[in-house]
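Down below are the structures I want you to see.
In the two complexes below, chain A is the common chain; its partner is chain B in one and chain C in the other.
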Partner chain A sequence: MANDVTATEKPEQNPVLWVVRPMATAARQFAKSLFRPSTIVYPYERLEDPKFRDRLEVASGKPLGVGAVWDNYRGVHALNIATCISCNLCAFSCPDICIEMVTVPGGDPKHPKKCPAIDYGKCSYCGFCSDACPEGCLTMTTRYELSTPKRAEMVYSPEKLYDVFRSKLPMNPIRLARPANEDAILLDPPLCIGCNACARDCPTQCITMLDIPKPESKPGEKLPRRIWKEPVVNDSDCVRCGTCISVCPKECLFWGTHK
Partner chain B sequence: MSTVTLYSVSYDIASLILHILGFIIPPANAALTNGNVITGLAVLVFGVILLAASMLNTILLIWWERKLLGRIMDRRGAMHVGYAGLLQNFADGFKLFRKTTVQPREADALGFFSGPTAYMVTSFLLFGILPISSGWNSGILPLSLLLALAIFSFAPLFIFVSAWSSNNKYSLMGGMRSAAQMIAYEVPLLLAVVAVVIVAGSFDLTTIVYEQQNYWFWGPLFVALIVFVAGMLAEMERIPFDLPEAEAELVEGWNTEYGGMLFAFFMLADYLRALVGSILVVLLFLGGWTMPSWVPSAATSFPLAGIFWFMVKTYIVFGLFVWVRASLPRVRTDQLLRVGWNRMIPLSLLSVFLAALLVTVKCVWPFGCIPSAGT
Partner chain C sequence: MSEMWINMGPQHPMTHGLWNLRVRLDGELIKDVDPEVGYLHRGIEKISEDRHYNEVITLMDRCCYVAGFAWEHLYTIAAERALHITPPERAEYLRVLSDEFQRIASHLMWYAAFVQDIGLMSPFLYGMRDRDLILDLYQSYTGARMTYEYFRVGGVRSDLPPGFTDQARKVLDWLTPRFNEYDQLCLGSDIFHKRCDNLGVLKANDCVTHGVTGPMIRSAGLKRDLRKDRPYSVYRQLDFDVALADSADVTGRYLVRMEEMRQSVRILRQVVDWLDHHPGPVIAEELPRWLGAPYAPVGKEGYLLKRHYPKGVGFSAVEEPHGEAQAYVVNEGGEHPYRVKFRSPVFANISAARQYMVGYRVADIPPIMGSVDVCVGEVDR
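Now for the complex of A and B:
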């Protein structure tokens, strides 16, 4: 009846509109929520609880996979330390520079095992790291609870991420396609100095240094000071992590396609 | 009379304390068990009991409002500290207690600190006047209703003092609004009280309660009840009449500059005044601690039944205030003043007329007869 409220209406001239109807609405709402308000007492109850299942599915319009979030939710990472090859690709691909490779026990002195530690204070949950992971050992789970009283606790060590892995949370199944197989590590031979850095740091040990013939030295020409070896990449073992490219002191390794 | 009153209890406590002290320190025994000393300590104990009771009730009242408001808004209110959030307000109080009090550089220190204190003290003073049950009162005050209303209307003065000395334009605006609002609503409020006084024939709150033994005044004096509740809402500065501390436009109004314990003072005093407003409604219109005769005597004869039923009524009345708060939007200043002067005063005059009519005809059909004079 009184939907045509104008700004000039005087409240005291229409007590039904200004007092009675709002109070009736409030009373109706009170009666409705007296025993079961819509809110969920979150730390004590959560949407994953079976008793809220119907409410969730009604809200989302379709049945959910697991828990309160969809399977492809990008939450806290899970890291399988056992299969991590310390390739550093996750840290490379991170747009927020929130991944730091920290040493974990398990490597030999020459090749210390390094696994990602993630600072969730910076992380934007883009998922690039798990997309880039060649071994599929860094994935994203549906865990969404990160609140902590201390900022330092926002940094998840590899061990903590491994705990997430062991908790068997559903992993995010969606990962972008790997780089095409024809992408390979190529060498610019004249620049190489045979320093062995690439072979030393390769996480899958797929680079071997092969001897190359030392050219004849012509009179008046000075040969470059180098070790007469060149890296050869075993493409079937290579995970395309790019560690060799990044450690090369002469920038003679690059991404390319075999002719 | 041999009934246990609040004062007799505090006298016994004081006497016990002093006698034990005198037993421990024999030389001072005679001085300590002197009647005047006991009376003095009894008054102190009386005040402490009142203070503790009013603080406890105020904090419970805030809890009650939070829970009720939450339910009306389809949520639960405070939940974490204590059972169903009962201790949440204590936690909030401790938090405020630990905070630094920041005084604006240009603020006037005297007014800045004495304003909240005086506001708080006068609100506590109110609680001491009101009778909660036949035993819980502070003696015979023939004009206790007038005294209560007089102290109740002190508040805008202190609000204005603190607003002025905050040296903040929003605070000052809030203080001025508070004063304007008080003048607009004090008149109908007092006229509504006059209607009650005409029917009860006394300014003593205890007498007013006992005059309601046949019927509670809210029935025949319904118009006065409406005016009184609306006026009380304005006096307590609660929504929809919370213009002096309108959050959206005035940044909390007159308590903008207050933080920490001084803010807690304002907050507590506000709810203390809300408690006193609810208590006044119960005393004047809902029969105080008495219950109608059709209530079984088992429900009214257990120990402290008077206080229990009084508190139940008070919390229900405060629930009404919360209901109003949850429903109505804040009115504009012109609407506030127009409702106050144009509607409330005629209504309150009508209620005075109805009260006079009631006294003349003595008996009204659904309610019964007013008690004969002299009771």
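Now for the complex of A and C:
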């Protein structure tokens, strides 16, 4: 390349200048910092305060904001218990295995409602759980002060996460860009025994068991022992949580694309 | 006087992290050095074998804590090659945007630490202050200041928020005159030259012999930059020069890094302009189940997945702020990578310490090691 950047020889300088010049630069910075400090007085001022929101600019020397920069911060989670469907996706997506699904009141006795409890001693704030949440009930807020005297207090129960939700902090509006064609739940019909386990445990109730015709038994051939029903998945309601796949005793459900 | 070994580190202000430099001294003269690493080993390569492809990205930010994006990029390229996925073009530009801002942020962090090593106090604050502007930009579109977790296999997590490109231009306008100011504070002073000229010399052929890469090899006059030599992502479309110096000493490394920051600003202006005019998807359309949005259980381990997905291996090499990083990902068809291997540039750079340290005085160690830009997180992994 013609115009390679090459280091130049150092210029010969007056000994007075090589003392004065850096000092002048430092003095200029010092004078600037008197009028436009680059820092804030942290416990008394907070960057996420609304009063900083519109004034944040580069030229002021204050920290920079891009619109509502703090809204995107990934801090403590907020959980809306009312809309949680107990799909378990947050716990599955957690790389640090810090989410445990605990029972909360509100479910029926056969299918208890389970909501995430998060251990902030392990959490790495990666945001995978709020990305995975299909209902948008688990989001990340701007809260970041977590110090407690006891280790047990670092585990946030669903009720405590709901308190965060009620404090009306800005919710992280970042949503994961989703692929255009998602996989769907498919059925391998010969394996199915019609046991209803998938439809029973589906958190969105999008699986219906439909009757299928019972075939005529030929002489000398035994029909499989099964219930003559098959699950049909409503793809528009399905949140792709995979609960049906994991509860299926015969492994007849799998991920795939419709032909 | 007899010779003696002393330990610089593992907890020492000079070491910039947790590693140990054993030095054999004859009075003030360095006779031998022996770098000792491994204090920060977390087993990232082994943990990666037990995680989904996307979950490994959370570890990459912890790999190098000042250049997390470079390592995310390194891993995602390798994983995409192993899984036969092509990311959309806008995602590639977003990655280059993140990479180049990261290069400036990493070099500013290096500048702040390096000038403190040679005894200048206030430039440390200036470097940290200006780095903070870039971290604010990162926070606005990734949600975090250090551990971004923004790249995904097959694209990036989300698009930019509205108004981002204008703010990015403002930051670039703010940074451009700052580089001249830094030069005034260091190069303008003869004290800096007396301290750093002809110090820690490592010639080009020694760099090649010991696998030393990055600004160290470019300061020796060898034009070796993976962004030009082996272009990845969209660097082929971008116009920039490779920073070079010929003195192969501490001053040369300073000059190369300063020039690299200016070139990064030049790249970023092109990238920001491109992003303004080319909206589009930021994640690939065809993604396997366990790479899509929710990471759901897939039946029994590997069940019915091998039917969907071909095996493969992926290799990538990325010009990280510290040098050439390489990654190798083996995809055996399951939902986890079978094996992940990384090559850290700083590991090679400090392994060659004997070549550029022996013969200097003990007071020269902080400037020399400062000019290497050690990031122990990636050395030990």
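To be clear about the criterion, the second predicted complex is superposed on the first by the 185 of 259 C-alpha atoms of A that agree within 3 Å, B and C clash if a C-alpha of one lies under 4 Å from a C-alpha of the other, contacts with A are read in each partner's own complex, and residues count from 1 in each chain.
By definition in this document, a residue touches a chain if its C-beta (ideal position, glycine included) is under 8 Å from a C-beta of that chain, and two chains touch if they have at least 3 such contacts.
This structure is a prediction, so every number in the text was calculated from the model and none was measured.
Look at A:V41: by the touch rule set out above, it reaches chain B but stays clear of chain C.
Legend: residue contacts after superposition of the two complexes on their common chain; A:S246 is shown touching chain C, with no touch to chain B. In the superposed model, A:P22 lies in contact with both chain B and chain C. Comparing chain B with chain C, more residues of chain A are touched by C. Look at A:E145: by the touch rule set out above, it reaches neither chain B nor chain C. Contacts of A:K32 after superposition: chain B is touched, whereas chain C is not reached.
Touching of chain A by both chain B and chain C, each in its own complex, is seen for residues 10, 18-19, 22, 25-26, 29, 38.
On chain C, the positions that touch chain A within their shared complex are 51-52, 54-55, 58, 122, 126, 129, 132-133, 136-137, 139-144, 147, 149, 154-159, 161-164, 167, 170-171, 173-174, 181, 184-191, 193, 197, 223, 241-247, 251-252, 255-256, 259, 263, 281-287, 289, 292-300, 303-304, 308. Of all the residues in chain A, the ones that touch chain B in their complex are 10-12, 18-19, 22-23, 25-27, 29-30, 32-34, 37-39, 41, 43-44.
Those residues of chain B that touch chain A in the complex are listed here as 68, 70-76, 79-80, 323-324, 326-329, 331, 335, 338-339, 342-343. Those residues of chain A whose C-beta lies close enough to touch chain C in the complex are 1, 3-7, 10, 13, 15, 17-19, 21-22, 25-26, 29, 38, 57-59, 63-67, 69-70, 72-74, 89, 92-93, 95-96, 124-128, 131-132, 134, 140, 172, 174-183, 239-242, 245-246, 248, 251, 253-256.
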